[in-house]
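Here you go, one structure.
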Amino acid sequence: MPKIHVRTTVNGEPAEFLCEPGDTLLEALRTALNLTGTKEGCATGDCGACSVLLDGRLVPSCLVLAAEIDDRSVQTIEGIAEGERLHPVQQKFLEHAALQCGVCTPGFIVAAVALLRRQPRPSERDVRYWLAGNLCRCTGYDKIVRAVMDAADQMIDAHDTGKAAV
Amino acid sequence: MTDDVQTTRYASPATIAEAVGLLQADPGAHVFAGGTDLIVQARAGRKHPTAFVDLKRIPELMAVTVDRRGARIGAAVPGAVICEHPDLRRVWPGLVEAVHLIGSAQIQGRGSLGGNLCNASPAADTTCPLLVNRARALITGPEGERIVDIDEFTIGPGRTVLGQGELLVALLIPYPAPRTSDAYLRLIPRTEMDIAVAGAAVSVTLDAAGTCTAARVAIGAVAPTARLVLEAADALVGTRLDPPALARAAAAARSAAQPIDDARGTASYRRQVVGVLTARAAALAGARARTAS
Amino acid sequence: MAVVYFPSGMTRYTDGVDQLHIEAPRVRELLQEVLARYPDLAVMLESMTVAVDGQVYHHPDYVPLTSTSEVHLVPRIAGGSTALRS
Amino acid sequence: MSARTFTAIGTRPVRHDGLDKVTGRANFGADITVPGMIFGAVLRSPHAHARLVSIDTTAAEAMAGVKAVLTRDDIPETFAKVVMGEAGTIGLHDMGDNALARTKVLYQGHAVAAVAATSLDIAQRAADRIKVVYEVLPAACTLDQALAPNAPILHEGLRTKGKATSDADGPTNVAMRIEMRRGDIDQGFGEADIIVEDEFRTPMVHQGYIEPHACVARYGEDGQVVIWTSTQGHFMVRDSCAGILGLDPAKIKVVATEIGGGFGGKISVYLEPLAAALSRKAHRPVKMVMTRGEVFRASGPTSGTTIRMKIGAKRDGTLVAASTTMYYEAGAYPGSPAGGGAMCCFASYRIPNFSIEAYDVVVNRPRVAAYRAPGAPAAAFATESVVDEIARRLGMDPLELRLKNAVTEGDRAPYGPTYGPIGLREVIETARRHPHWQAPLGPNQGRGVACGFWFNAGMASSAIVILHGDGSAAVVTGNPDIGGTRAAQALMVSEELGIPVDRIRPSVADTDSIGYADVTGGSRVCYATGMAVIQAAQDVRDQLRQRAATIWGVDLSQVGWENGQAVALDGAPAQTPLTLAELADKMASTGGPVVGRATVSPPMAGPGFAVNICDLEVDKETGCSRVVRYTAIQDVGKAIHPSFVEGQMQGGAAQGIGWALNEEYVYASDGTLQNASFLDYRMPVASDLPPIETVLVEVANPLHPYGVRGVGEVPIVPPLGAVANALRDATGVRFTELPLSPPRVLARLSKD
């Protein structure tokens, strides 16, 4: 069976690869495109470690077929920072020690960025329910929630004072 | 995952006709929208699709329209889109609640209302609200279109009325009468991410004085398919949804349930809890109906 | 003379004795003396380690003993696996 | 321990490995790729207990793309031994048999064969084509089944170590019996005004690390083996693989990748020996990654337990006698943490008369591995429930009763030695003063407290501190870092040498590049490895003092060191102090590069104690309970990096809450696991938990230069009891079986 030729955009740059019909986007990212920042924790959509943004919408890349992303755009953890400048969510995760082993961190950061784009002022409850699809076993979630709330505040301040909001 | 005799193909038809043609030509082909059930089952070897037919490029399956007559929700529309739709949220809060409960934010970015319905799990969260809102399924296939009431759509666990070559195009939900609203509640041990151990949806219509003039009650995860419970609805009609009426509706729901024991819960637990959920959903639907325009 | 305490599970192999004063420069010699007197203890000792004056040692062989040392025989923590003293 | 003031210790710098983790650049086990790499898959037993009659691999070997097939014939039986964390020296026979079954499969998921092929898909399909003939045997999947008369026997040759004289000899599933006694329990219970006794059951649960086991092994033509793996101890992996495969350890190098959580579950080897053996046969590097289902079925769980607990107390709350019989599931091979449970169950309280019997029982379930304070959570659940019931029946404040009986310095621990300085009393007193303890409760809410204890290990570690000419430094150890220990090590070097933390680069080296290190586990890395790091930094300091002596032409004894500078001590000719930067700059001319090194093998660290307060809200119509407030108070000795100490306390509390409320292995009667996925193995999600408040009490541990105690394992010990006691407070019903799942709670509530 000939492989499928996929032409897509990953983190703002054109990318193309060959894949089998049954390959998932997660497998394509990690092998064909060698972007190993997106992690596999379960391959059944239950842990969130493989979260990416597909045309801006938060999805589990283990439950997306690689063939589906032809001429669509994907944003992964590797595309969240802008050059040297970390996204406020990344910066706050570091400042709040909101990660220990770090294997769930990429999924959490992508999910948190998606949340703040659609809801700039989330309550703690909003954050906890939005992130319920991202499992973490090391932190007990406390510092992760604080980091996301702090990032939201910083982005609002930056927005209000006209600084370049992200 | 794929058997090396049949090699899998991927297709993403742009029209319904093209999709129906593909399905007719290849009985082993499986349609999908979000794939949150199909991809998991295929990787686990529980399904062996010869082709993945992606429906998301077909406009009719991705459209949501709401007008005086009601709502038409494309079968492939992701749950997240449904949950963000202002009219759907206002008119059918119970249905949106159910969609919003399915899995995580990530899953809702993919999983569709049509997919949830066609997967036909006994614990499907969307079947109950669709039942109480008198939804109907618009199906198309080799012999053209047909419309089926939701309570005839699911036949048993994992089985629907769809014949070979047929696919679900949209859900058609009639616009509710004034002072009508719905609610869906389910029991899960955690606050998120679980499959329903039991579920109940209720739709009620009130008169100006707040008396219930019409009601529909559906229970889920307590029988091979979600099912309407007429006795529970009757217990609500003519009352002000006061505690005794809710208790009678709960009792009717319990006796209509045929739950099983499994890894997620015991039969006796499901039977007891489906009554509690019915009473609470009825109260919530009533509260919403009082404020519904 | 250091004193070694035998936990109750071991006194069946020590004719009921639950403590013993032994002259020994280090834990290694103390245990050799204990095994000389009560050979049946060998199997039990496999999954035990030694505490000297309140300190539980993982590798006790060459821990020095003083005349007032208190030695306790202590089960290893992570399970009683069939460890053979290397 | 004078109350020393610190400059760097106690601050909260960003962890050095953080940037790679928040940008996705950090490499975990599954992220490693090597040129020419192929992929391995494992065929696992569908049966819980069966004899392996025959294995026919011809169909698999015939498939295009298959490069090697591995069965028991490829791995020699071994009786080698290896040092394995706190378990001390353990035999590898069982670990080897667990990695690939030899004569019998002992649990559903037990590895039977492995295949390496040019794609994972081909390897998986080839594995399915291996024909195995099983002679299915009756299985003993639960403690009750394994202990029943004429139960199916897992290991014919097994005899009970430490067997009571009255027990029968002969084939058994009881691998070991541990007994600990003190005083006279009959006399003790005779004096008691109140006796509470109950039987407690906890389920088999999994550590739940989000990263599945993963490794790459390359067996070179010259017999040199390199293994990249996600592990808590790559030196242990090196020795275990050498022992299991009959290789010379000198031929093996193991590189520790970033590790995506372990909690004890990555302190043994599962895939590494198979990948190395497959690589030898295929002459290609082989990558192997477990699926989530394999992680649940074939790795890690900790014991399910049955514990009978009986405690007697005087009317004034003084505990006078206690007796307990504890059964721990070992899984397929001997080695449950029954010993840990026995030593911990009464460790928090002065009880003059006690009797402890603990049994290590093999069952047809996955081989048990360490899970954070192995054995202690289940034991503390029983003790803290009974102690709480005594306080309730005496009408006493539960913290008051615990404080009255709390052990302190000079008391003899149940496992023998006397306690040095410990902080249990300070922790309980802090809990009493905490606003949470006085806060009002809402409707259907209850409050519970529980204490927790753990030993904290010492064991062997090595460290190197490299000083660069520009005055910056690197610190290198052999302990994989899960919870932020690299940042802590940088803080220690900064404290000793005055170098800013962000100019110190901490790293974890492979088995060729640093001295031996025992596993990361037993809450030991900050304590023992930290001790080596401090000594290595002091070695640098002393070398720099020598360099200053050389520059000043004086004797070393005349050169001191104060806040980052070499100073001339009085008696020596006056000199302007030489800063570290100046000395580093002159390194080449005063003797060459400066590298500090130190190795340690300290005894057990000072024990850690904690008290947790849990508020639980119960929906009495559905049996669902939610933790609405949680406070963890723990004696940490000295917090090096407080954020990561808090992280250990919050993470341990979350695991304990999950263990108490929803986590369990659900088995069908045929011994097959029903919930081997993150969907149905219900770990707490973000919306299940409130913020977890933490209070760090610092009672210095004299065994460590900064007073550090281990902090990683104590946090998981109190939550089971705290949640259960809160449920008792909210419902008036004492629940003695975990998890406190909605069906179990509602069934009991609707019965009364």
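All chains are identified by letter, namely A, B, C and D, in their written order; residue positions are counted from 1 within each chain.
Operating definition for what follows: a contact is a pair of C-beta atoms (placed from the backbone, for glycine too) under 8 Å apart; a residue touches a chain by one contact, two chains touch by 3 or more.
Quick caveat: nothing in here was measured; it's all calculated off a predicted structure.
The chain pair with the larger count of C-beta pairs in contact, out of B-D and C-D, is C-D.
The distance from the centre of chain B to the centre of chain C, each centre being the mean of the chain's C-alpha atoms, comes to 68 Å.
Averaging Cα coordinates per chain places chain B and chain D 44 Å apart.
Rounded to whole angstrom units, the spacing between the C-alpha centres of chain C and chain D is 26. Chain geometry summary: the mean Cα position of chain A and that of chain C are 56 Å apart.
With touch defined as above, residues shared between interfaces to two or more other chains in chain D number as follows: 121, 679, 684-685, 687-688.
In chain B, 1-2, 191-193 are the positions where the chain touches two or more neighbouring chains simultaneously.
Checking each pair of chains for touch leaves A-B, A-D, B-D, C-D. Put simply, chain C touches chain D in their complex at residues 5, 7-9, 12, 43-44, 46-47, 49, 51, 53-59, 70, 72-86.
Chain B makes touch with chain D in their complex at residues 1-2, 4, 187, 189-195, 197, 262-266, 268-269, 272-273, 276-277. Within the complex formed with chain A, the residues of chain D that make contact are 12, 14-15, 17-19, 21-28, 30-31, 33, 121, 207-212, 258-263, 289, 291-292, 482-484, 641, 643-644, 646-647, 650-655, 677-679, 683-689, 691-692. Across the complex, chain A meets chain D through its residues 20, 30, 34-44, 46-47, 49, 76-78, 80-81, 86, 90, 93-97, 99-106, 109, 124-125, 127-129, 131-146.
Of all the residues in chain D, the ones that touch chain B in their complex are 121, 124-125, 621-624, 626, 661-662, 666, 674-675, 679-680, 682, 684-685, 687-688, 741-743, 746-747, 750.
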